[in-house]
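Each of the next two complexes has subunit A plus one more chain, namely subunit B in the first and subunit C in the second.
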Partner chain A sequence: MRALRSPAPLTGLLLVAAVLTLALLGPALWGESAARIDDGAILQGHSPAHPLGTDDLGRDLLARILVATRLSLLLACLATVVGVAIGLPLGVLPAVLPPRGARAAAGTINALVAFPGLLLAMFTAVVSGLGARGAVLGMGIATAPVLARLTQTLAASVANADYVSAARVLGVSRLRIAVRHVLPNIAEPLLLNITLLFGGSLLGLAGLSFLGLGVQPPDYDWGRLLFDGLSRVYVDPEAALGPAVAIGLAAVGFNLLGEGLAKAASRRAVVPRGAATGEALREARSEGVLSVRGLSVAFPGGAVPVRDVHLDVAPGEIVGVVGESGSGKSLTALAIGGLVPYPGEVTGGINLCGQDLSALSPGELRRLRGTSLAMVFQDPMTTLNPALRVGGQLAEVSTTHQKMPRKEALARAVDRLRRVRIARPEERARQHPHTFSGGMRQRAIIAMGLMGTPKLIIADEPTTALDVTVQRDILLLLREAAKEAAVILISHDIAVVSQLCDRVVVMYAGRVVEELTVAELRRARHPYTRALIAATPDLTTDRDKPLATIPGQPPSPFDDPDGCAFAPRCAAATSACRTTRPLLEDGIACLHPQSSD
Partner chain B sequence: MPASAIERLTVRYGTHVAVDDVSLAIPERSIVGLVGESGSGKSTLAKALVGLVPHTGTVTGADRVQMVFQDPYASLDPRMTVGASVAEGLKLPRAARAAEVARLLTLVNLDPALAGSYPRQLSGGQRQRVALARALGARPSLLVADEITSALDVSVQGAVLNLIRSLRRELGLSVLFISHNLAVVRYVADVIAVMREGRLVEVGPAEQITSRPHAPYTRALLDAVPQVGRTATARR
Partner chain C sequence: MFLLRRLARLTVSLAVLLFASFSMIHLIPGDPVRASLGTAAPAELVAARRAELGLDEPIHQQLLGYLKGVLTGDFGTSLQTRETVAGIIADRLPSTAELAVLAALIALLVAIPMGMWLAIRTENGRNPGSELAFTTATGTIAAIPEFLLAVGLVVVFAITLGWLPPAGKDGPASYVLPVIALAVGPVAVLARLVRVEALRELDKDYLRMARAKHLPRRRLYLRHLLPNMLTATLTVGGLLLASLIPGTVLVENVFAWPGLGQRMTESILQKDYPVAQAVILVYGAIVLLVNFLVDVALGVLDPRSAIRGT
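Moving on, here comes the complex of A and B:
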């Protein structure tokens, strides 16, 4: 719950806590003074005895506002329950019904959403009789369409997930799919949004009471108090101001909290680097594009997924980083980009474009990374915002980092899209990401990286989701870019890497185990590199033999064995390997380098 | 006699024809590889076979088709245990389920004790094997494998490919194996079908397709296959 430490959600939390406390204790503490009729103090303005004045029976208004907290919250709560009870099932229907029924349900939701909510609420309230019950029903019915739409959208995103398709192929019933697969997986965002709806209900109910459609005397909620106070607003503004402020604060509290929680659920934290150790820093060279010394990434609890990584990249060079899943490739890249997720801690020296990163202020860091470093991630759909046009998103890079006027930035975006060979770039720039195919999205992201003048492009698995032809296109694009910028290409496929790179860095269990040129790959000396190559089928692999595999699994980032981390899986391991850790010397970290004959 | 035959299968999305009049036989106990560029309609064809998208044309001899998906991280419900996922498709009395789940997990070389764990506790390769076990539980006559090794490490990919071949041997399974990686398809498949823009451009024995292709498009695909130590296209 780190998000709660930033000011807005924290304010929300405090407000909500205060309001809830009031609802609990209010009637007990001030119930008496709120009900005490005083003929001698009718319709007074503020005074030391009555800070917000009194009403037409001489009752203290401040006490009444405090006491009304409970009823106001209770009604909002009931209205939300009604809204959920109607909206949730309605929203799930399109995912559950067979196609024709689903279309009908979706149509109903569309129609309901289009209908003005307040009108719906007022109509229901009037029809079902004046009073709290009518208001709650009305408000509930008015929020139901919004919730139904939300549920529908969320459910649709899950309904297309592979595990739902798999269940359908297995013949699992639609209802069961909704209950077992869809609802549990959308529960979290739904709850967050219900918090927001609650704030809305609170406001709406106050509105209804204020129109005289809600709570009737002798009961009172904030809306009722506001209604009563407004008739004398020119005489004693505080009588109306008090309930208005209460409503406002409570609604704002729930909204801030809901939004803060929603953000926390979706956030990818950016964390400042930990202090670099002095020695490692001095070693980091400043002439190349990138020089990394003794880089480690640790997570609380003892996981150290990246251990003491050294990496140098010369201008215009293309370096491949390969290794199994979990070997620390992505975290190494994230550490260079300053994007290691909280609560990861980064240590070691990083020198980017001749600048020692530990010596820069946060602002300078952001600027340096924003202009000289471009990162292309594995999943293009998460990098591009689905709600914004592609051209605008590209342009934003230049308007924020290079302070370019928007028009010029848009023109540059079109130019960059053209450079990555997207046909009809002017038209494409105006479209949303989902209209792009996987390969095009990937290219759009490379184009985004080219908006500045990056000295280094880090591409993390940019091609795994793509077929060979698109894959080759993307790789050629990166290579073209490398005439100006250096590239680090991260992949688990050693064949892909060898197709494009000058040099290959092989990682295992968070460490670099071998470093060699592409030409040397066939003569690799490290047993792990050799095993990786042997396990990669090519067009000459013998089809009558089982494929070579690497038995066992890599160690977890929590374990740091004394000896070589690869020893349990290594065919060449000796007892020395289990006790002595091989150091990276002369491009290899192995006690028994293999030779190629 | 072919175990399954696809005849004149067509899938339309609005006005776009994603799969265009495809006919393909999948002989019993054989693995047919399907390759082609992205957007060529491979996955759409697979989905049509298992009834996930509406289509015209006929599919015969494939009354029990099951499918395994590309992304092992997305194809298992994160909130269900491995055992519950595998048991989902079993048409068995409750009491017999645990034993069947254990049998299926053993079949795909997983420790049956994993039945109680959640997908997040498994590696990609293990998850993909769970997905395979789940599909095998429905005793399919045809298994559609859509890019099942693309998201896996080579060290694990080998184990999954070996598993597919041994399942074919032991269970007499027919497989439609879809992949963009020609080297992988060449290794597992007996027959390779090449697809482009919704149509089949070439079908033939795996060795022949990869050594003496007829269609220029197949040749282009072969040229794009990345290989260790070979820089495919003109370097600087």
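Moving on, here comes the complex of A and C:
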């Protein structure tokens, strides 16, 4: 019931409660004045005695609207009952019948749903005669296909659940499965939707009565009152507005309540907003391609997945960033690219190609990043826009950032595709991404990065989603690209990194814990780096022994322990490790560097 | 293959519709002609009209005659006004179609930018206030049926303010209120859908890639986002057009719009069965055809949907 705390469902609940109370008490309280005929006050407009005026027999319209609540709701109830009585069994049929019958039943439901409800209702009303009975039947029959479709969909969603399969294996009859196993499990969403259908029936019946096809005098519901009121709307608008408002309020009430309940049933956690942790902003160096100082990324609620990261990349250098999932390596890359998703907040200094990013205007930032920085993401299958041609997606980098004419940009795109060794690049440039294989797409994305004059390419796990056979191609391509640009290669695979990179940066829990050259990897001093290397199998790994793993879990980005974040999982940790945070000095942040002997 | 299957389904639905409209006159208890002409009508007249409708022939011949009539566009004559039913439909249908098509176009033109703008504004839970206001407002508006809205519009803009004609079809100004009454609900429904659809696309990798290219926002949203959400939006847009058609029945009655819906209501009230029968058939057929065309168009636009739909 937490949903009821937000204003919309609460309003709905109040409206529904008011309407129900009126339906119960209305006729007793105002029944007499609603029926009292007054020859002296025929067809009057608004007056103190009759706030909404009177009808052609001098009866008070406000009282009539209040009294009509009961009949309006009652008819809607009956129509819903008719709809459920027909729709529910019809919707269960596809789950109960043998396959051939099930297809026929599903086909029938499909055919019926296609017909608009109002037409079905009118048809029924014609056949069974004008009046409340015909309207209720019509509305019920119009509701039935909708409910049947809903039941069918819900039933299908649990049809493959374990408990249903188990019952089937045990030889329980289809009917019994439907009644005992399927229906109880879909009862809740079904009831919820029946509430919404009730609102729909209420409106549908009001519509029919309003057309004169529903309730006939001397009975009256809201729709009938609206029908009567509309004929004199020019003289006394309130005679039409009154019933219209009554119908509208009831409809909105049921709708808001139903939607609120539906939302409550599928509510996801809401992240509360909180203050970002501020870390000292430090001066970033202006030489080199990239210099990052004190970079942190914080999310409201206290998660700080990247903490105080320093990173320098020299021209033409290939730097590997390694770490487990959640170590902050991808977010670091996104922060450099200016792509941290809202509501993340980035603090710290970034200097790209000699320019301090904090000093640039948004337009200059976009231009700088658009031309001198290229990014390659993990899954090439989803990274290209499926609706646009590959050539156009490449060319737009040059047309927007370098103001290149479209034709020239397309020629350049073809050239870049050729450079990443895509066969028949002219033809390929005119095709959509779905005709490309995964490896080709990743190459096209690298080609996209080469459209500008990139000084830095950030590749975030570029080979993880690819076949082993094409991984090598992509890595070689990156290395080739690195002749002109520096590369940051983000990977959880230390083997990939050691093949390709000059230097390795190891991250843990959002911080850099060790920086070393690839040659030094075998002599890594940080216990975490050593554990990562030990967990990587190679050809000499003894296959009879279980693979080495790192015990325990990395800390949550919400926690910021006083000491070393790796201490709880570290064999070499002492009590000092738990209280003192080691600083990154001489390429390592550890109180007890290990030595290889 | 998909087209054939879908065509088969359309044929079955149309056959069911034809049979239902044929049987309507026979399901009415008692003598429909007597009921229509009233108890005071002379027996000879009733007998003549019965013969005209073919009600005295064997049922299978009646069915054949009915099918032949439908295929040749001969729907009989009105019991009340003696006009040919085909003439009534030809006379009234264009007015109804104008309303429905205008309303659907306006709904698409308003809802797509609105939904996209809100998706961008509320991406990743940004601006929770806007999101709440938007969902509450659209939810409320969507819950109000078009005929109530129509009554409200008449009272405010035609009677109180006197800006626009309250009823009838007379010049461009008379289109404004009926079209608004029809379009507002679909705008609310469609804008919500567009927003959800856009949010889903905004979260995808290709948009992150497009962002990584640091394109201007306009290019990002119009060139990269819009085409990818258009399929889903147009599907619902097409279905919306189909659902607008019954809506016209009520709205036409509020505005005394000389369309088919108003005539249908009249014919049912006057028990003018040949007219009611044919008009219900026409409405049903239009809805089925629109749904069919939407499915086919989608199958052409997005081959994946053709597989999913079967």
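In this text, the second predicted complex is superposed on the first by the 314 of 597 C-alpha atoms of A that agree within 3 Å, B and C clash if a C-alpha of one lies under 4 Å from a C-alpha of the other, contacts with A are read in each partner's own complex, and residues count from 1 in each chain.
Note that in this section a contact is a pair of C-beta atoms (placed from the backbone, for glycine too) under 8 Å apart; a residue touches a chain by one contact, two chains touch by 3 or more.
As the structure is a computational prediction, the values presented were derived from the model and not from experiment.
By the document's definition of touching, neither partner reaches A:Gln594: not subunit B, not subunit C. When the shared chain is aligned, subunit C comes close enough to touch A:Glu259, but subunit B does not. In the superposition on chain A, contact of A:Ala240 is made with subunit C only, not with subunit B.
By the touch criterion defined above, A:Pro184 reaches subunit B but does not reach subunit C. In the superposition on chain A, A:Tyr342 makes contact with subunit C only, not with subunit B. In the superposition on chain A, A:Gln355 makes contact with neither subunit B nor subunit C.
When the two structures are aligned on the shared chain, A:Leu384 is found in touch with subunit C, with no touch to subunit B. Those residues of subunit A that touch subunit B in the shared complex are 161-163, 165-172, 180-181, 184-185, 324-326, 437-439, 464-472, 476, 479, 483, 492-496, 498-500, 518-519, 521-522, 531-533, 535-539, 541, 543, 546-550, 553. Across the interface of their complex, subunit A is touched by residues 9, 12-13, 16-17, 20, 24, 27-29, 123-126, 132, 135-136, 139-140, 142-145, 147-148, 151-152, 154-155, 159-160, 166, 204-216, 219, 223-224, 227-228, 242-243, 245-246, 249-250, 253-254, 264-265, 268-269, 273, 276, 280, 283-284, 287-288, 291 of subunit C. Interface residues of subunit B, counted against subunit A in their complex, comprise 36-39, 47, 50-52, 65-67, 69-71, 74-80, 85, 88-89, 123-124, 131, 134-135, 137-138, 150-151, 153-159, 161-162, 165, 180-184, 186-187, 206-207, 210, 220-222, 224-233, 236.
Looking at the complex, you find that subunit A touches subunit C at residues 6-8, 107, 110-111, 114-119, 122-123, 125-127, 129-130, 199, 203, 206-207, 210-213, 226, 230, 233-234, 237, 240-241, 244, 247-248, 251-252, 254-256, 259, 270-271, 337-339, 341-343, 365-367, 369-370, 374-375, 377-379, 382-388, 396-397, 400-401, 445, 448.
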